[in-house]
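Scroll down for the structure; my scribbles are underneath it.
Note that the chains are named A, B and C in the order they appear, and that numbering of residues resets to 1 at the start of each chain.
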Amino acid sequence: MKIYTKTGDAGETGLFGGGRVPKDDERVDAYGEVDELNATLGLARSLSMPADLDGLLQQLQDQLFTVGAVLATPQGTKAAAHIPHIKPEWVEAMEKAIDGFETELPTMTHFILPGGSQASSALHLSRTVCRRAERRVVPLLREGKVSHDVGVFLNRLSDLLFVMARVANHRVGVPDVKWIPEKPGK
Amino acid sequence: MKIYTKTGDAGETGLFGGGRVPKDDERVDAYGEVDELNATLGLARSLSMPADLDGLLQQLQDQLFTVGAVLATPQGTKAAAHIPHIKPEWVEAMEKAIDGFETELPTMTHFILPGGSQASSALHLSRTVCRRAERRVVPLLREGKVSHDVGVFLNRLSDLLFVMARVANHRVGVPDVKWIPEKPGK
Amino acid sequence: MKIYTKTGDAGETGLFGGGRVPKDDERVDAYGEVDELNATLGLARSLSMPADLDGLLQQLQDQLFTVGAVLATPQGTKAAAHIPHIKPEWVEAMEKAIDGFETELPTMTHFILPGGSQASSALHLSRTVCRRAERRVVPLLREGKVSHDVGVFLNRLSDLLFVMARVANHRVGVPDVKWIPEKPGK
């Protein structure tokens, strides 16, 4: 089978299990954004990422393919019985990771300018793309077309990526720069 | 307060001042894109950016948090009195910066292929994400839900980023490659 | 002519040939995303890209400006006679390139985690942005507002970028990591 099947040339494509939809369908848009998020994690990992963060990111990339499969498979179809599902343990593990990383870090009281080391900067980019993916999942959640787990997973992931971005700077001694809002009327 | 509050797990979230909206609300979408733009600026700054450009980018990152606050705060609410605002001087300073940088550069007569040095390439990426953010702000502008200043700020910023991308190449002797459109019918 | 014309400050802009539209118009959105795709290709090229891939990417960047011109020009206008068009040879050349690169590579049987070398990671990012651009073009295709060629071009390009991402890893001996889905019910 060639990788280019040409079947999508006219703007339609297939979900898992077979239904055909336009490529701007909400489902396709949602897993397309998750794919982009996954690509930004790959990019982050290529930019001198500390080994423990790198290992965790690889796990998260793997889990995102399950998220993608869930998004690509309409509920109640035969295909739905053949895909893996998001495990509650994954979310718990993210929460533990956040708690653990935060012990390394000074308490946050202000927004910080995203940036610093290349690894940290790329994680901030992933964080924002994760949040974009979450926004695209919201219509599916609202219409009951996708499991609540997807929303939880992405919501927690963006917070984990924030903390990992801070750790990536802190470990190399790069201070985060705070945003100090000016008093209005000044 | 933990960073993961879980209150957004079901796809709703809070604006500044308190109103709750779905995460695919136009306002949330708009400041989410501004956050992504800010992250791309952080990435650009991590890629051997000349010091004067770097300093300017840090200022712009800071200003973008004011843009974000303006987008996150419905007009006419109590909260609106507590946020900073976009200053006309910021836009004027961008215009001066564009004019200044252009004196360093050969006059433009053609589109250029985005790319060259890492710093320049990342600035082109920021330029295009800035324009995406601008597109997401447009519905809010049209409906009168956000100050005109936000549109002006982002419109000028994308032009500044274009000129900075060119400067980043020019300073290291990397020539920009022109797009020479073929005559139609060829 | 200054680069900042300020004519777009209120959220409207011009197409090629002159019609004025809001910046969140489907056409503007589509060529804006193609511009972003083009910027990610520039970034990929700045990250130690093998010379043959780099040359091919430059050609593709050039061709994307023709795609952009096609998207920016309403059909049937006077302006439409003055722009270059997407050539069938370009798509054929992409298909030949895919076939050629695949001879270098082990056969694919599983999804792979996007990532590896910086060049490969960046190409995966371009791949996903290409697919996002394709999704934004779909409404225009459906409404018959843009040539079918644009859909074909972007569909093939994302497959080419996938294969190039794999080649970029394979050439430097970085193995792609497979996603092995867990059996459901586990």
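Simple rule for what comes next: a residue touches a chain if its C-beta (ideal position, glycine included) is under 8 Å from a C-beta of that chain, and two chains touch if they have at least 3 such contacts.
Please read these numbers as outputs of a predicted model, since none were measured by experiment.
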**Request:** Would you kindly give the rotation angle relating chain A to chain C, two copies of one sequence, based on a CA superposition and rounded to a multiple of 5 degrees?
**Result:** 120
**Prompt:** Copies chain A and chain B touch; is their interface built from the same residue numbers (over half shared) or different ones?
**Reply:** different
**Item:** Rounded Å distance between chain A and chain B, as computed from the means of their C-alpha atoms
**Value:** 22
**Asked** Could you say which residues in chain B touch two or more other chains, in rising order?
**Response** none
**Message:** So in the complex, the part of chain A that touches chain C is made up of which residues?
**Reply:** 2-4, 6, 8-11, 22-24, 28-29, 32-33, 35-36, 38-43, 45-47, 58, 61-62, 65-66, 69, 81-85
**Asked** In the complex formed with chain A, which residues of chain C make contact?
**Response** 95, 98, 102, 108, 111, 113-118, 120-122, 124-125, 127-129, 131-132, 134-139, 141-142, 148, 151-152, 155-156, 159, 162-163, 177, 179, 181-184, 186
